[in-house]
Structures are given as C-alpha cells and as structure tokens.
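Both complexes below contain chain A, partnered by chain B and then by chain C.
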Partner chain A sequence: MSLHQPQKQVVAGAVPAGAVSGQPSARRQRRDLAPWLYLAPTVLLLAVFTYWPLLQTAYLSLVDWNLNPGQSADFVGLNNYGRVAGSTLFQAAFLNTLIYIGASIPLKVLLPIPVAVFLWSVGQKGHFYRAILFLPTLISFVVVGIAFLWILNPIFGYAKVIFAELGLRFPNLLADPDTAIWVIIGISTWKVLGFNVLIYLAGLASINKELIEAMRMDGAGDITIFRRLIWPLLTPTLTFVAISTVIFTMQQVFTPIDLMTEGGPSNSTTNLFYMIYQYSFVTFDVGGGAAGTMMLFGFLMIMAFVQFRVLDRRAHYQQ
Partner chain B sequence: MQLSRPMMIVGHILVLAICLSILFPMAIVLSTAFKPMNEIYAGGLLPQAPTFENFARLFEKTAFGWYIWNSSGTTLLRVIGQLIIGVLAAYAFARFRFPYRDVLFALVLGAMMIPQVLTMLPIYIMMAQLGWFDTWWALIVPNLATPIAVFLLRQHMMSFPNELIDAAQMDGAGHWTTLWRVIVPNLGPAMAALTIIIFIDSWNEYFWPLLVTESAHSRTIQIGLREFLQEDMNDYGALMAGIIVASIPAIAVFLFFQRRVMDTFVSSGLKG
Partner chain C sequence: MLSFSLKSLTLGVGLAVAASLGAAPHAFAETEITFYHYQSGGNYDAFRAILDDFEAQNEDIKVKDIFAQSQQITAEVQAALAAGRPVDVATVIGKNIVYFLNNTDAVDLVEASKGDTEWLDGYLPNFLDLGRVGDAVYAIPHAYGTPMLYYNRDIFAEAGLDPETPPATWAEFLAAGKTITEKTGKPGGAHLHASMGDYGTMVMVTNAGATYLNADGTEAEFDSPEGIAALQNWQDMAKNGMMPIATDSEWSGAFMGGQMGMYITSSAGLRAAVDASEGKFALGVANYPLFKDAPRRVNNSGAALMLYSKDAEKQAAAMALLRFISQKEIANRWSRESGYMPVVQDPLSDPAMQEYVTSFPYVKAVIEQMSQTVPTNVWPAKGTLEAQTVIRAMLDELWAAKRPASEIVPEAVAKVNAALAVNR
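Now for the complex of A and B:
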C-alpha cells in the first residue's frame, strides 16, 4: 500500500527533535518505550477481552460445566462437539444460518450496488435520499423489532387493518414456520441496506470520473460502463461488504429472533448464534455452548476464505 | 457520471420505493405513539386527538427514567474512553517505528473480524468473578478497545501534514502535546464520524447488556424495552412511545454531526 510512504517521512522528521535536546541514550530509551505506552490500553484490552476469551472458549468446549462456580468442570474431550452436532436444534440452526446468509447476498450485498451507483450519478442532489436511507442504521434493532411486531400483529396490527380494507385476510406470518424466517430476513435487510449503500458510495467516490467520460466518448452505454469499469473497480468494496455482511448477519438477526420468535415456530428461525445463546445462558450447558461457538468460528473462517478466493481473483483492477 | 434517461427514471423509482418502505413503518410508529387508547387499534394514519398519555404511561409502568440514565451514563463514558484509547493506539501506529508493529496492527485489525458471540462466554464468567455483574463496569470496560477507531484514525494521522508537526516539535512540544494540541483538534470530521459510529453502537447495543444486567439500576433502554414488551405485550401505545424515546438520542447525535460525517464516510472514511 502506498500508505507507508508518508510514514517514513514522519519518523525522519521526529528524530531530529529528539536528538537536538541532548542525552542521546536516555532519550533513545524513552523514545523506544513511548509507542508501547500509547499502545498499552488497546493491546491489553484486546488481549483480555478478545484473544484470551477466544482461547478460553476453545478450552470450555472440552469440558462439562453448568456455569455454577461451586461445580467443578469435568474434562470430556470432544464429546460436546458430537452431542451438539447431532442435535436437531443444531441441524435446524445450521440450515437456517445458510438460508440467512444465502438470502443476504442478493438483498444486502448486491441490491445496494445499483442504488449506490444511482445515488453516485445523481451527486449532491441525492443528499435527501441518502439521509433517508441512513435512518434505519441509526435506530436499534430492538426498536425495529417491536415496531414490526406491532405492524404485523395478526389480531390488531396495522397490516391487518390495511389488508381488511382491501378485502384480504392477513396471515399470521410469524406463527408459520415457512414465512417467519422471511419476516426476519426482510426486517434485517430493511435495517442494513442503507448502511451498505453508503459503503459502496465510499468505494465509488474513488473512481475517476474522467475514465467514464472517456468511455462515453467511445460510445459505451450505461451497461457496458458498469460491467467493464464500475464493477471491477468496486470489487474490493464488494469483498469488504460481503465479508462484513456475513459476519454481521449472524449477530444482527439475534435481536429480532430473540424479540419476535425466540427461534420458533419449531426452530424455523433460530440460527447458530441464537443456538449458542440458548445452550450457554438458557440451559447453562457451557460445554455445548462453547463447542457450538467453535464450530461457528470454523464456519466463519471458511466463509471468509471462500469469499476472498471468489472475489479476490476479480480484484486485480485496484488502483 | 450521467446516466441515460430511462436508467435515471428506473433509478428514481427504485430508490423512491425503498425510501417509502423505510419511511412508512416509521410514520406508523410515530402516529401510534400519539394516539389515545381508543384510536390505536382502529387504523387511520393520523391521530384524531393527539395525546401524550402513552408517554406518561410509559414512565409510570416502567423504570424508564433509570434506563435512560444507565444508557446515557454508560454510553457517554464508553464513547469518551473508546475515543481516547483509540487515539493513543492510532498515534503509536502512525508515528512510531518499533519492533512487531505490523504484527500488532494485524492483530488489532483481526479483532474486528471476531464477532462478540465467539468471546462472550469467558467474558461473562470473568464479569461474574470480578463482581461486575449487573454494574456499569460490565457494560463499559469489555468494550473499550475499538479496532475500527484505531484503523480509521491511523489512516487520517498518516496523511496529516508534517509541517505542522515539525513546527510544533520545533517549539519544544513532545509527543503528548503534539498529539492532543496539534493533531486531534485537526481531525474534526474523522472524529465526528467515529463518534457517531461508536455512539450508535453503544446506545443500540442489545446482546451484551441482555447478558450482564439484571436490575433496573443497571439496565439500559434497549433491555428495558424488551422487558416491557414481555410484561405488557399489548400496550402498544406505550411501547411505541418507548421506542421513540429510545431512538431520539442516536438520531439527534447524527443530525448534529451529519454533514461532516456523510462527507468523511463517503470520501475517505472506509477506503481500505
């Protein structure tokens, strides 16, 4: 990356300032220690609250324990993994996770692209659209979940009133195992679409508009310009959006699942995250929860790797 | 770039449809919150006799005052802490050369890719052992390191004009003074964008407070809303009032910084 260039100049600029004030050895020692002092809080916090817990989760996945400090944790080896993987809850959660991710690719990763390209071409006049698109990012998922619970309420919800006026019966979407998951997918799309549009706009902002004018002069149409220029240049952003969407889809849908369906009806909306939560904090099966966590970790690593391989081959155009 | 006319029309229709689907549920929530009891279940877009009784009932039935206090207090402390700690780390990565710098930076960025679900169990146990369960400590301390802040601020500090730093150091300013007196005051837009992102994250957080808070004295607004939903499922007027109160701060902070943020975000913020 070209970012390293200014760095060297900066360090070179900093050296004389220290050297001028004499006592080179003491100065040097202080300078060597300084970056570590600046870094200490972040490094310590990440070590204690991110990396160490990750290792500890791996350990917990090998024991049988119920979160009770008085109880000792028994080492059971890989038992938890077999037990969790064999449960119907895990199979439902895994399948649903694939559905959540599969649906999020066209809805959350691809649909924002034409929206962003359009807003980009509109320029400053699109400010109003952008502000509205960003609104759902600001409000919490709890708020969104409760609002849609009210709108979709089968007895006195708002949608039911509108359906009744049109002479239609409004189905109880959240009680039907076939539709409940799509309600949650729809709501989470509603929530993150605008945010992803904004990230694509950031990617588009770095495209040189003169290139487009040049292609225009050569008689290229909108579709050709998009396929030959915008799409390839946007691929690094696409990779970023795809990976973060997959990771965050896991997290984001936890809230609507917890508020609206609690994983039901008949496990049709639960996902791996919600399953881990249930193992760990509903039934206090720490080993099962940790084993589920490690399997989720492996799954996320594989997903990220696949996405890098698929998308990175197309990312050679990066400036 | 100028799109062709038919494309333009399709674009306007698509984006307008999306915007309407975003605004419509919000309009329903807003109007329901101001409807008196007898109107709530009758449909109708605007309240016939607007009232604040839903808000009054919300504060009567729940400990909403406490929730607001807890959300505000923990969010404020967290945002300040995250910004300071992020600035320090970003400065170290941007302005110093030291052994293992690149490895450490990779580890900081790597943490961004580790979602909370992977680490929650041991942290939960840690909180219990420290006696932090059901206190502000549990809500604040585990979230103080912010990889995205380090990444973003480092980028901006690297492109900071060297002349200014040299001038400051010529005047005898050390690293500490340079950082807080020269660099940080000039990082306005980046700091604003970051403040919004962190603020919204913290204010809207659901999962972690759900795990570590138990009593009204430490519960945040989001968890309070969940509890209210479960206890009083059918009082939708008060629930809608609650979600409006819960949404105001994030929207206010956004409007306050909005212009700068949109610009930073779109022009420089998240470029890789």
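Now for the complex of A and C:
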C-alpha cells in the first residue's frame, strides 16, 4: 500500500489514459506488477531453497529410496514414520528436546532480561560488561566445545587438576547420563546469553525514559516500574526472543552434542535435530531421516503456533 | 571488390577457426577422472605424489582428487552420485561398503578387468573379502588399519613392569593396567570404541571367537559366552579403575601426552603416536592381546576404493589407475609414506619394505597382524542407527558396572535384533 501511495499523489487531478476507454492503462498494469517483481527474488529463493526441499523431504519420508538415481523409489506410506517414532532413540531424543526447550525458557529467554535491564540502567558504564557478555557469541561453537572438553577432560582436564589441588574429586560430568545434558545446556546458555541480552537492550532502547521519570515522580519504585512499564513494553521483544530461541536451541546444541557426547551417554544428550543427522548422514537411512525431519517440522510448527498464541496476544506494541 | 575481399577474409578466418577447433580434441585428447578421498596433510602429499607419478606415465589421463573429511566422505560420495556429478574412484569407509553395494551402481572390478584379473591377486585375499560378492569384487583395500596395543615404556618401568614384555593376553592387559593405576596414579589403559562403540565392540568380541553380526549383517550374535566374556573384560577395565570413562579423543590425548599406560587403537595412528612420543616418552607397540587360547582375529578399520565410471573411456582410465595403485612397490610405498597397513601379499619381499621395517620397527607388529585381520562387519541400511545406539548405550551401562556383562549383553543383543528385524 505504501508503495502505491506516492504514485496516487503524483497523478492526482490528472485523467488516467485508461479511464477514458475503461481499460487499465499500461502504467497501471506496470504499477500492479511492480510489487511482484520486487518480491520475485525472495519468493524464488524461498521456493528453491525452502519450499521445494520441504516438499522433497515430505516425499522422501513416504518412500523407500536412498537417492540412487538407478533405483526405484517404492512407496511405503507411513512406514518410515512408524519405524522412527517406535525407536527408543526417537523417544529419548524427543524427551531431551523437551528438556532443552524447557531449560532454554528460563535460562536463555528470561535470564537475559534482568541482565539487560541492569546494563540499560547503568547507561554508558554498561558497555564494557555488554562487550564481555557478547564475547562468547562471537566464538565458534566448535572452539567452545573443544575448550570445554579440555576443561572437563576426566584424565587431565583443568577442572580435575584444580579440584585435585583442593583435595576434591571432580565428577566426570560428561560420562554421567544425569549430568551430561546439563553441561550441554550450560554451554549453550553461556554462548547465547549475550546475544539475547543485546536484543533485549535494543528493545529497552525504544522505551521513553521520560515515562520512567514520570512514574518515579508519582512515587513508583523499581519493581513497580519494571512490572508496569518495562515488562509490558518489552513483550514484543520477548516474543521474538522466545520464538527464535526455542526454534534455534536445537541447532545451537547440535555442535556441542556432536563434539562432546555424540548423543550419549545412553542417549541422554541427543535431540531430534541430532537424531535426524545420524539417520541421514551417519547411517544413510534417508527415509528415516526424512520422516524425522517432517516430525521435527510439525513439532516446531506447533511450538511456534503456541508461542504466538500465548505471547503475541500479551505483547504491547505501543507505548 | 572490397565486399568480396571481406567475405573471403571472413570465410577464411571462419574455416581456419573451425579447423583448429576440430583438430583440438585430437591434439589434446585427455581423459579426466575424479577420485574422492579423505587424505590430508602429509598423507595427502604422499597420495598426490602417487597420482602425479601415474599421470606422468599416462599423459592422456588427469586425476582430479576431491577431498572430504573421513567422517563426511560417505555422505559426499553419496551426494555426488545422487546429483549425477562425476565420480570415478571413491574412497568408501569399510563398514559402509555393503550399503554402497546395495544403494549405488558400483562397478564390478572383475568384470571391468575384462579377463585380466591378475592385478587383484596381489592383494591379501582376506583384505579383498570386504568387497567380494560371489565372484565379483567391488572394493580394493587402500587405507586399512588394524588395532594395536600402544604402551608407554616409561610408565611401565615406573609401575615396576617390564617394558620389554608388554601384555600378550587380555588377562595380562587387565593386570598390567591395574598395576599401573595403583602404582603411578595414572590411567592404566583403554580400548578405542569408535563409531558409536560399534568398531571397538566388534573387535573385542571377534577376537574372543564370537560372531558380532551374521554374514548379512541383519542379526547380532555376540551374546555367546565368548562375546559376553570379552565384554566383561571391558567392564573390568572400568571397574578396576584402570580406564576412566572418556571419549576416544580424550583417551588418545592422554596416551599421546604421556599420561596413560596403554591404549588399544588403530595402526593408522602409528605415525601420530611416534611423533607425539618423541622427546616425551619411550613408545612401545605390540600385537592386539589374545583372548585366552583363541587365535587372534581382528577386524580391519579404514577404507577401500570402489569404481563408479560408466563411460568406457573414463572406466578404462580409472582401471589403469587402480592397476597402477595395486602394484606391490606402489602399494608398499603408499603404506610406508602414509602409515597405513600394507595391503599386498608378502610385503617384506620388497627390499624397500625390508629397509623400512628395519628403520621403523614399530611396523613389524602391524605386518604380523595382516594375516590375522578379518573384514569389518557391515550393517544393513535400516535399523542401523537404532542398533548402534543400543550398542553405545550398552557400553555406557557396562562401564557404569551396576550389572554384570552376562545381564547387560543379552538384553542389548535382543534390542539390536529387534531394530534390525526390518531387514529380515
């Protein structure tokens, strides 16, 4: 609409050529086509790299075929889905996915809020801390994974050596099914925290500080200001952070899982994303991998939908 | 007049260009073949030097080598084949060979030899078995390894053990590991598990005389008394304190850093172990420990080469390359320069190899194990991930040592077979 508005102003008062004959003018036709032309590159890229692969994956999930051009693809209906969903690996991966997502809400979505509010409130002085917090975001997950492997190495790791100096024994965290997943969650939180703080800071920057001053003059305390003003105005940012964090959590933990645990011990750290990788690229079970991908797609769709329903309705987009 | 001259000139130039274009293919006829591999660093230099020598002898053939990480090579080759990109010779990880046989159009090397199969006879027959289907041969050994016992002579001496007599049996291995841990406080030893525990478990039970998977790869059979006893050894390693529960890379790092007494891993790591030990500790290399009185049977690790050329000209060029690589002096040279296991029969009949063994005695144990190497077991396409996941979880449970192997292993085998049932 906004694209059309200036055009209307320019031609106001003039008689369009097509109006006389009752036919749409060439200029009008070009004008109607313009938005589609602008959209075309994006639509084309989406079609080629997103929607076509999605359709192809849906097709692969219904056939028994391993991409060999010389082989026929036999339609097997929902067999691949049944096989994957019935495996203990899928059950463990699904449960762990819920744990990763469940843990990411308080740690990656909510924890950055007080940190961001603190940095925002201290103004210029907060820049140094902001840089320190953002630094882990810039480090590759591979580097982070290797660094933590060295720290937690049960034979000669730094943690073991330091604990030994204190006369204590450092537990083998990555070998214990009860603790390994929390190591992965902890590392991914450390890595993502600074990024989400930065997004919240951007959201906070849009809040008019005069409103805070006005509330203070009315006698409102810090908690009241946060509850009544900052929190409501931060909800659009919170919606974005929550949805993107939940969706990307599975990708974020992929590298530490692959580097540090390979999904073990006893499937305690694997997730749906890693399971799909294993189906498709470790054992080359294309049908299983495609079925897993479609199930993950459905799961993420539901998660995103629920979040939109829950969060977006509560978001305040105007000050 | 001018018009006529211009026309003549244009025609003349056109004819000359057309003639030169027509002549070009004959003057510079060249066949390019594509070789997928995972060699890097010094190994790549040795690999490329062999390809360069081949090109020097066959001026009309160019070999384009395409690198992919060893963990990615199977996916890369599969993707190239699926996309119709040229693949003439592909390096395929041993355990994936059956998958490739079932899911890709590999060329039978016997058929492609057109009656002249003498070049295949140079390879050790047990090394060819991995790619053999009836009379057909689909893969030749290239970058093979065999599990060896690496030990730290200094730690042995520190623990009061004789560095000249490394453990020869599993009982001795366990006793030595326990002694090292008790006397030095360092981890006594570990056994690589590799590929989600699949390879380590396979080697342990096979060496004990058990069958890991049946010939089709569709049923696990290692819940026999020998298989259970072999895996009880692995549990005992964790139970007696000699083996901290860790990943292969952590164990490898500990051994290479001179912090662990023994480590059983592939001979492919021999060069790296020698380099890492230099100036740090005295390295010892011995044969894989025997299980009681059972003859030694260890599965190969590593990769083989498969042929995919369909075009007659390219297939002939690729076959020429494979024949070149298979020559005893070239195969032995590749083994010497890369550190991989020799793959041709009687390697010591080659004077260069004899000289190599004298100057690099560690490799003697590797050569001794050549005849005791059996093909790595292969998995079917479906249910493999579930089955391998069960095996990895079985190892975690064994090492946690809350129940004996006699209870854990049969349960795991039943689960593996349930996962593989789809293939039967």
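Operating definition for what follows: the second predicted complex is superposed on the first by the 269 of 319 C-alpha atoms of A that agree within 3 Å, B and C clash if a C-alpha of one lies under 4 Å from a C-alpha of the other, contacts with A are read in each partner's own complex, and residues count from 1 in each chain.
Operating definition for what follows: a contact is a pair of C-beta atoms (placed from the backbone, for glycine too) under 8 Å apart; a residue touches a chain by one contact, two chains touch by 3 or more.
Since the structure is predicted, the reported quantities are computational estimates derived from the model, not experimental observations.
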{"item": "Contacts of A:L149 with chain B and chain C, given as first, second, both or neither", "value": "both"}
{"item": "Touching partner for A:A205 - first (chain B), second (chain C), both, neither", "value": "first"}
{"item": "Partner chain(s) touched by A:E262 [first = chain B, second = chain C, both, neither]", "value": "second"}
{"item": "Touched partner set for A:F281, first chain B, second chain C, both or neither", "value": "both"}
{"item": "First (chain B), second (chain C), both or neither touched by A:L107", "value": "neither"}
{"item": "A:L62 touches, of chain B and chain C: first, second, both or neither?", "value": "neither"}
{"item": "Partner chain(s) touched by A:T88 [first = chain B, second = chain C, both, neither]", "value": "second"}
{"item": "Touched chain A residues, chain B compared with chain C", "value": "B"}
{"item": "Partner chain in contact with A:I181 - chain B first, chain C second, else both or neither", "value": "neither"}
{"item": "Residues of chain A at both interfaces, chain B in one complex, chain C in the other", "value": "67, 69, 149, 153, 156, 281"}
{"item": "List of chain C residues in touch with chain A within their complex", "value": "72, 74-75, 78-79, 81-82, 84, 96, 99, 103-105, 187, 196, 244-247, 249-251, 253-254, 257, 259-260, 379, 381-386, 388-390, 392-393, 396-397, 399, 415, 419, 422"}
{"item": "Footprint of chain B on chain A - complex, ascending", "value": "3, 6-7, 9-11, 13-14, 17, 32, 34-36, 38-39, 41-43, 45-46, 49-54, 56-57, 60, 67, 69, 114-115, 118-122, 127, 129-143, 146-151, 153, 156, 158, 161-162, 165, 190, 193-194, 198-199, 201-203, 205-206, 209, 212-213, 221-222, 225, 236-237, 240, 243, 247-248, 250-251, 254-255, 258-259, 273, 276-277, 280-281, 286, 289-290, 293, 296-297, 300, 304"}
{"item": "In the complex, chain B residues that touch chain A", "value": "1-4, 7-8, 11-12, 14-15, 18-19, 21-23, 25-26, 28-29, 32, 40-43, 85-86, 88-89, 91-98, 101, 104, 107-108, 111, 113-126, 128-129, 141-145, 147, 150, 155, 158-159, 162, 165-166, 169-170, 175, 200, 203-204, 206-207, 210-211, 222, 225-226, 229, 236, 239-240, 242-243, 246-247, 250-251, 254, 258, 262, 265-272"}
{"item": "Residue numbers on chain A that touch chain C, as the complex places them", "value": "66-71, 83, 87-89, 149, 153-156, 172, 174-175, 177, 260, 262-267, 275, 278-279, 281-285, 288"}
